[in-house]
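Structures are listed in the sections that come next.
You will see two complexes here that share chain A, one where it goes with chain B and one where it goes with chain C.
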Partner chain A sequence: MALETEATAGTSLEAGARAAEPARLARSWRAVVRSLAPVILALIAGGLLLLVLGQNPVRFYVAVWQGGVESGGWQNSAVLMAPLLLIALGLIIVFRAGIWNLGYDGQYLLGAALVAGFGPSILQTWPAPLAYAVLFLVAGAAGTLWTLVPAVLKAWYETNEIITTLMMSFIGVGIANILVKGPFQDPTVNIPQTRTIPFSKLLPNLSGTRVHVGVLLALGAVVVVHYLLTRTSFGLRLQVLGANPRTARHVGISVRRVIVTSFVWSGFLIGVAAAVDVLGLWAYVRANWNPGYGDTVIPFVFLARLNPLAVVPFVAFYAVLSTGGDLAAQQANLPTDFLLVLVALILLFMTVIEYLGRRRDLGQSYLTPGLKEALRRPLVRRRPAR
Partner chain B sequence: MNGLLTQSFLTALVAGGIVAAVPLMFTALGESVSERAGVLNIGLEGMMLLGAYLGFLGVYELHSEWLGFGAGIVGGLAGAAVMAVLSVSMGLDQIVVGIAITLAGEGITSVLQQAQFKGKFPGLGNPATVAIPGLSRLPVVGHSLFDQPLLVYLGIGLLALVAWVFRATSWGLNLRAAGEKPEALDAAGISVLAVRTYAVLTTGALAGLGGAYLAIVGANTFTPFMTQGQGFIAIVIAMLARGKPLWVGVSSFVFGICLSIGTALQLTSINISSDVINMLPYIAIMAALILFARGSYLPPALCLPYVRGGT
Partner chain C sequence: MAGTQSPERAPAIELTDITKRFPGVLANDRVSLTVRHGEVHCLLGENGAGKSTLISILSGMLRPDSGSIRVDGAEVSIRSPRDALRLGIGTVYQHSTLIPALTVLENLMLGARSRLKLDRDGARERLAEMAAMLGIDVDPEARTGDLALGRQQQVEIISALWRGSRVLVLDEPTSMLTPQGVEELQKVLRRLKERGTAVVFITHKLHEALAVGDRVSILRRGRLAGALSSEQVASSSAEDLRATIVRLMFEEETAEVAGAAELTTDLTAVEEERSVPAAEGDVFLELKSVSARGAGTEPGIEEVSLRVRTGEIVGVAGMDGNGQRALAETIAGQRRVTSGTVELFGVAVNRLSVSARQKLGLRYLTDDRLGEGIVRNLGVSLNMFLKRIGEPPFWRWGRIDRRRINAEASGLVKAFDIRTPGLEARAGTLSGGNVQKLLLARELSFDPKVVVFHKPTYGLDLKTTEHVRAVIRDLVGKGAAVVVISTDLDELIELCGRIAVLSRGRLAGIVDNGPHAVSQVGSLMIGTMEAA
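The block that comes next holds the complex of A and B.
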C-alpha cells in the first residue's frame, strides 16, 4: 500500500494526485465490503440454521443485541475484549511472519493456571503494582516457553509448526489441569479449582463501570503492536519473511531469529491475555475449563487483514455476539456451541468472498503469500535453493 | 495382582488399543490418500465428528450397525464435499477451509445432539463380534485380538487394498502425480481437480467411518467433542507413515495403545492421574516428531491449489 502511494506520488502532477484520491477511497471501500460481507452472510446462514432448529432468528439476534450491548451488557462485552484482543495480537505477529501458531489454548491455560495458582498468595503479601507485574510476566513467560519447542523445530528443522503447536497445546492443557488439581488446588473445596483471588485484589475497574483496566492495557497493546509492525525494522523483517522466505534470506535477514522472536512475542501476548483475564474477570481457574478464545478469534484476525487497529472493531463485534449469544442461547434453550457454527460460517464465507474478490481483483488478500508458503512443505527439511 | 503383566491388564490394554486404533487407522488412511494427492486435510476432526454423530443416529434410529456405519460415511462425505468444492475446485486455502470444517463439525454436532436429546446421552448396545476360530482361543491376548467386530477385519483388508492401489494401479499413479507434479498429470490429459476431488471424498468417507466406529463401537454413544483431537493425531500418523498404508496400521495401533493405557491401568493398583495418561499420545507424537521429523516425506505440491498455467 505504502509503496503504491509513493509510486503514484512520485509520478504525479497535481492532477494525478487528485485522481488517485477517489481510487484509493474506492479501494478501501471495497476492502470494507469484503471484510463485512462474510460476517453478514454468516449471520444470515446462521439465521436459517436457527429456523431449521425451530427458533425465531430475528428474536435470537435481538436477544444477542439486548444481552451484549443494552443495559450494561456492553460492559461485559468490553471485559471480554481484553483477552481476545491480546490473543489476536499474538496471532497477528506470527501470521505476519508466515507462521501458524495454533497452540493458543495450551499457552493461554498454562498462563491462567499459574496466575490463579500464585495470584492469591502473591497479591496478599506484595504491593499490588509489583504483584500484577510479576504475575503478568509469569503468565507471559509460560506462554513463551510453550512456543519455544515448535519455534526451534521450525527454525532449525522446518518441522511443520501447525502440528507441533497443536500437540504442545494438548500437552499444555493437560499440565494446566494437573497444576489446578494438584499443587494449586483450593484445600477448602471439593471441586478441582484453584483458590480465589479476593475481589478487592482484582484489577481495578474504571470508575462507575465493571470494565477493568486490563481492557485499556489491551487497547494500549494494540497501538504498541501496530507501531511495532508498521514502523520498526522488526515489523519489516516479519513482513518480508511472511511475503517470501527466500527473499528474506537473500536480503540477509536471519530467518531463524525472526521465527523464534515472533513465536516468543506471540506466546508472551497470549500468556498475558490469560493474566489479564484471570486478574480482571475470573479470579480463579477450574479444572478442564477452556474458554476457547483462540479458535473464535482467528477468523477476525484474517478479516482484519492482520492489521492490529482493524482487528479492534471485529473483536468488539465478536465480544457482543459472544456475550449476548450466550444469554440468547440460554433463553432459546440452545447450546452455546451454536456460536462455533457462526464462526465457522464466517470463515467459509470469508474464503468464498476472497475467491470472488480475487477473481475481480479487488483490494488486498487476507493471507500473505508467505503464510501459504509456510504450509507448502510441512515436516520436510528445507532443500537447497535451486 | 498388582503387576503390569497380569492377564487382565494385557487383555484390557490390547483390546482397548485396538478399539482406539481403528478410528485412527481409518482416518489416517484417508488422510494419506488426500496427502498423496496434494491436499492437507485439517478438517478431519470435523469430518470425524459428523461421521460419529450420524453413525450414532443411524444405529439409534435404524437399529443396524451397518446402516450406522453407512450414515457415518455419509456424514464424513458431507464435510469432504465442502472441502472439495472450496479447496479443490475453487483452489481456496486448505488450512482456513480445514479449520472452518473442524469448527463447523464441532458446533453443528454439539448443537444437534443437545437439541435432540436435551442433555441425555443414550447408549447403544454392544456391537456384534466375529471370533476367528482357533486364534481367538490363544492364551492371554487371543480373545482380545481375534474376537473383533467384522469392520476391523475389513479395515485391515482395506489397508492392504489401498497399499496395492498406491503401488500397482494407474489410480495410484494418478494420485501420486497429483501430489508430486500436478502439471505432469494435467499434461498427460488427466484432470488434476477430478483426481484430487475423488481423493478428498475418499478421505471424508474414511474419516466419517472412523468417527462412526468411535461412536458405535468405542463409546457406544455420542458426546459432543468426543474425538478430542484424534483427527489431528491421524494427520500426524499419516505424515509419519509417509503415505504407506501398512505403516498407518502399525502407528495407529501404537497410538491406540497410548490412548487406552489409562483405562487398562485402572485394573492395576498403579495410580497415575488421568491427566498424565491423556497427555501420553501427544507427548509420544512430539517425541516422534523431534526424532523422525527429518526423515518424513510429503509430496511437493501439498497444500498448493492447482491452477492450470499458474505459477
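The block that comes next holds the complex of A and C.
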C-alpha cells in the first residue's frame, strides 16, 4: 500500500470501490514487483560478476549486511540516510512537475559551505536551538537562491532548466570552494578547509546511539512532503503540470507560480540536507569535497516512482549497501567502485523492466513522458496499435 | 460519377472473411471487400463499427485473426507497415503521424528509401511534382507542427503517395476539412482515379460517401451490413441511396437516432426551417478590435470585433488555420491580447488570468481534447475537477476531499452519459466521444455563462454529435452566451443565430442565419481567399 504509484489511485467511491479493489491491489502489486525486480536482478548480476572476479558473492553480501546493519552498522546507515532522503524529496517535488533540477551539487555544497563557515561562531555564541534554526534557514535559503535563476528563466522565458541548473551548479560549486579556501578557511591548518564545529555542538544524538536528530527530521519531512504531494491542491497542480503543461495552462493553473514554487521547495530541501549533514556528521567542509548524493539518489527516486514514502526503503537499501559495502569491498580486496557497478546495474535493469512493463500495460509507471521515452528509445520495437 | 461505362475494373485489393477479435469485442466479423483500381471505395459506419480496425489490417498495423488478403490477385500477408508500403498501400491516418519538429520536406524524406546522404533537391522536386499533381500548395520548409491540421493532412497524403502507392487509404480524411477543403480533396481524388489509383475512403458522413464514392460499403458492429455497387451508386437517385444507406447503417435504431432523420433532409430544408431571430438580451461577451499574435505559422487574430448576447449562439466559420485557435485562446485568457479589449459582462478582462475568467463564468471547450483537455494519467473524476483545483468545497484548506469530488463526479458521469469503467479509470483510456463528454461535463457544470466551443463535434459519431448539439441548445436556453467555432458549416447553420467568418485572422463578415446563409458564408470565405 505504501507503494501506491499515483496520487489518483488513492481513493474510491463507495459504489465503485468494491469492483475497483482487486484491480487496485493488482496495480499496487505490480508496482511493487516492478520496483523491487531491478534491485534483485542487480544483486544477482552483481553476484555473477563477483564469481567471475573469483569472489564468493554470498560472503560479500553477508559482509555488506554485517557492515551495514549488524553491530551498530545500522546507525551509520541511518545517518547516511538523512541527507539522501532530503535530497530525494527535493528532487521528487520538481520531477513530479516535470522539471529537471539537476543543480543539486551546487545547491548542496553552497549550503554546506555556509553552514560550516558560520556554524562554529554562531554555535559558540547563540543558544543551540536558535543557532540550529538559523543555520538550517541559511542553508535552505542558499539552495533556494540557487534555484531562483533557473526557475525565473524557465517560468518567464521557457529556458531549458536542465542547462541552467547545471550551469548554476558549476557556479555554486566554484563559489563554495572559494568560500572554503577564502573567508571560511581555518587559520590553524594548512589544508583548505573550514573551521570544525566542536563535537559537543553538533546535532544531539538519539539516546544511546550515534543517530542524530537530523534523521528524524528527514523522516518527518518525508511524511509532510508525501501529504503535500498526494492530498493537497499544490500536489495536484504539480502533477498536472508534469503530465501535460498545455492542460495546466488550459485549466487555469498559474504555470509560472507552480514552476517557481516547486523549484524553491526543491532548493530549500537540498540546502537543508546540507545543513543536516554538516551539523550532524561532518562538522567541517574541505575544499573540492563533494559527496555526490544527488547522482546517487536519482535512480532510487525513479524506482520509487516519485513517491516520497516509497523512496525510504530504497534509500535505506542504498545506505546499507554503501556503509557495509565499503568494508566488504576492502575485505574482498575489491575497489569500492564495485558499489557503483551495483547501482548502475540497478539502473540498467530498471530500464529493461520499465520497457517490459510498458509493453504489458500502458501508463502504469509514473515517469514523466520525456523520461519514459528516453528509457524506451534504445529498446523500441513496433507495438501494434489499434 | 466517373467511369460507369467500363464493366468491372481490375481489383487492387481483395479482402476475404477478415476477422479480428479484441478482448471483449469482435472488431471485424468475416468482412469481405474488393477495392478496384481507379475507384473510390467508401467505407461507411459509425464510430466503433470496425472501420479503423479494417484499415489497420490493410496498413499492416494489425494482423487479422483469420481471413485472406489479395493484392493484385496474389495472396499476401501484411506483417508490418513496411510490408504495406512495399505492396503499394499508402495510408493517411485520422490522427497526424507527422513529426511536428521537422519541416514538411524532412517529414517526407523520412518515408523515402534511406541512403547515406539525404537527397534534399530530389525530394524538393518530387514534392513540387506531387503538389502540382494533387493541386496542393505547401511550403517545403514550414515546420509541420506549425501547420494547420488541414494542411498537415495534405502533407500526409503526399507522404502516403511518396513512394508511388497504388492504393491510398484515407481514414476519416474530411473530419477536419472545410467544405472547400473537401472539394479540394475530391479534386485530388479525381486525379488519382484517372491515374488508376485505388482509394479506400473511410467516413461516417453519409453525404460525403455519396459525393466521393464510386462504391459504398457499410460496416455495422464489425460486420459488412451492405454494399452498393458502382452501378447502383450511379443509377439510383440521391434520396433512394440515402434511405438505403441509413437503413443499412442503423436498421432498427433509425427511429431512435435523431440525426438520421436530419441526414435525409436536404441542407436547403434546414435553411428554411431555421431563421433564428436576432437576440436582444444583455451583451455577455464582447471583443473590441482585438488582436493577438499567432504561434509559429498558425496565424493570430487582427482587429476582431464580436458581440455575443445572452441566449445567443454565434458561430465562427472559416477554414482551418485562419486564427480560430488564437481567437478561442484569447477569449479564454490563454493568449495575451496585443491590442483591443475583451469584455465580459461589460468589464474589460484583458489582464485577468484564465482562472479569474473562469470564476466569472467563462468556459472554453478546447478542440485539442487529448493534447490539452485532459491529463491521460489522471482519473476521470479528477479530470472533471481540474478547473476547480483548490476551490472549496472540493478542497478545504488545500486538502482534497475525494469523497466529495467522486460524489459530484458520479452525478456528472450519469448526467452526461459518460461510458467509463469507473471514476478512477484513467481518462486516457476513454474513447474520443467519451472524452468529449467528460470535457463537456467539466465545462458546463457550475453555472457557465459564456462558453466558447471549439470544434465541439469534430470526429464524433452521429449520436454523440446530436447529444453535444442538444447540450449546447439547452445551455443557450438557460441564458448562456455561446460561441461555436467550427469548420463544419452544416453544424453552424444548424445551431447558430449569426455566423461570423474568420479568414486569415480577420473577421470577413457576420451573416444572419437564414435561407441564404450558406452561400453568403461561402462567398465570404472564398471572396477573401481570392483577394489574398
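The rule is short, and it goes like this: the second predicted complex is superposed on the first by the 341 of 386 C-alpha atoms of A that agree within 3 Å, B and C clash if a C-alpha of one lies under 4 Å from a C-alpha of the other, contacts with A are read in each partner's own complex, and residues count from 1 in each chain.
The working rule: a contact is a pair of C-beta atoms (placed from the backbone, for glycine too) under 8 Å apart; a residue touches a chain by one contact, two chains touch by 3 or more.
Treat the numbers as computed from the prediction; the structure is a model and nothing was measured.
Trainee: In the superposed model, does chain B or chain C contact more residues of chain A?
Mentor: Counting contacted residues of chain A, the larger count belongs to B.
Trainee: Could you look at A:N290 and tell me whether it touches chain B, chain C, both or neither (first, second, both, neither)?
Mentor: neither
Trainee: Taking the superposition as given, does A:N205 touch the first partner, chain B, the second, chain C, both, or neither?
Mentor: Neither partner.
Trainee: If we overlay the two complexes on their shared chain A, which of chain B and chain C does A:T196 touch? Say first, second, both or neither.
Mentor: Neither partner.
Trainee: On the A-aligned overlay, A:L53 touches which partner chain: chain B = first, chain C = second, or both, or neither?
Mentor: After superposition on chain A, A:L53 lies in contact with chain B alone.
Trainee: Is A:N307 in contact with chain B, with chain C, with both, or with neither (first, second, both, neither)?
Mentor: Touch partners of A:N307: none, neither chain B nor chain C.
Trainee: In the complex formed with chain A, which residues of chain B make contact?
Mentor: On the chain B side, the touching residues are 40, 42, 82, 86, 90-97, 99-104, 106-108, 110-111, 114-115, 224, 229, 232, 235-236, 239, 273, 275-276, 278-279, 282-283, 285-286, 289-290, 293-294, 296-298, 300, 302-304.
Trainee: Could you please specify the touching residues of chain A with respect to chain C in the complex?
Mentor: Touching chain C from chain A are residues 6, 8-13, 15-16, 19-20, 24, 231-234, 236-237, 239-240, 243-244, 246-247, 249-254, 363, 366, 382, 384-386.
Trainee: For the complex, which residues does chain A have touching chain B?
Mentor: It comes out as residues 53, 100, 149, 153, 157, 159-160, 162-164, 166-168, 170-171, 174-175, 177-178, 181-182, 295, 298, 302, 334-335, 337-345, 347-348, 350-352, 354-355, 367, 372, 375-381.
Trainee: Under the touch definition given earlier, write down the residues of chain C that touch chain A in their complex.
Mentor: Interface residues on the chain C side: 22, 52-53, 56, 61-63, 80-81, 332-334, 353-355, 358, 364, 366, 368, 371-379, 381-382, 386-387, 389-390, 395, 398-400, 402-403, 406-407, 409-410, 422-424, 426, 428.
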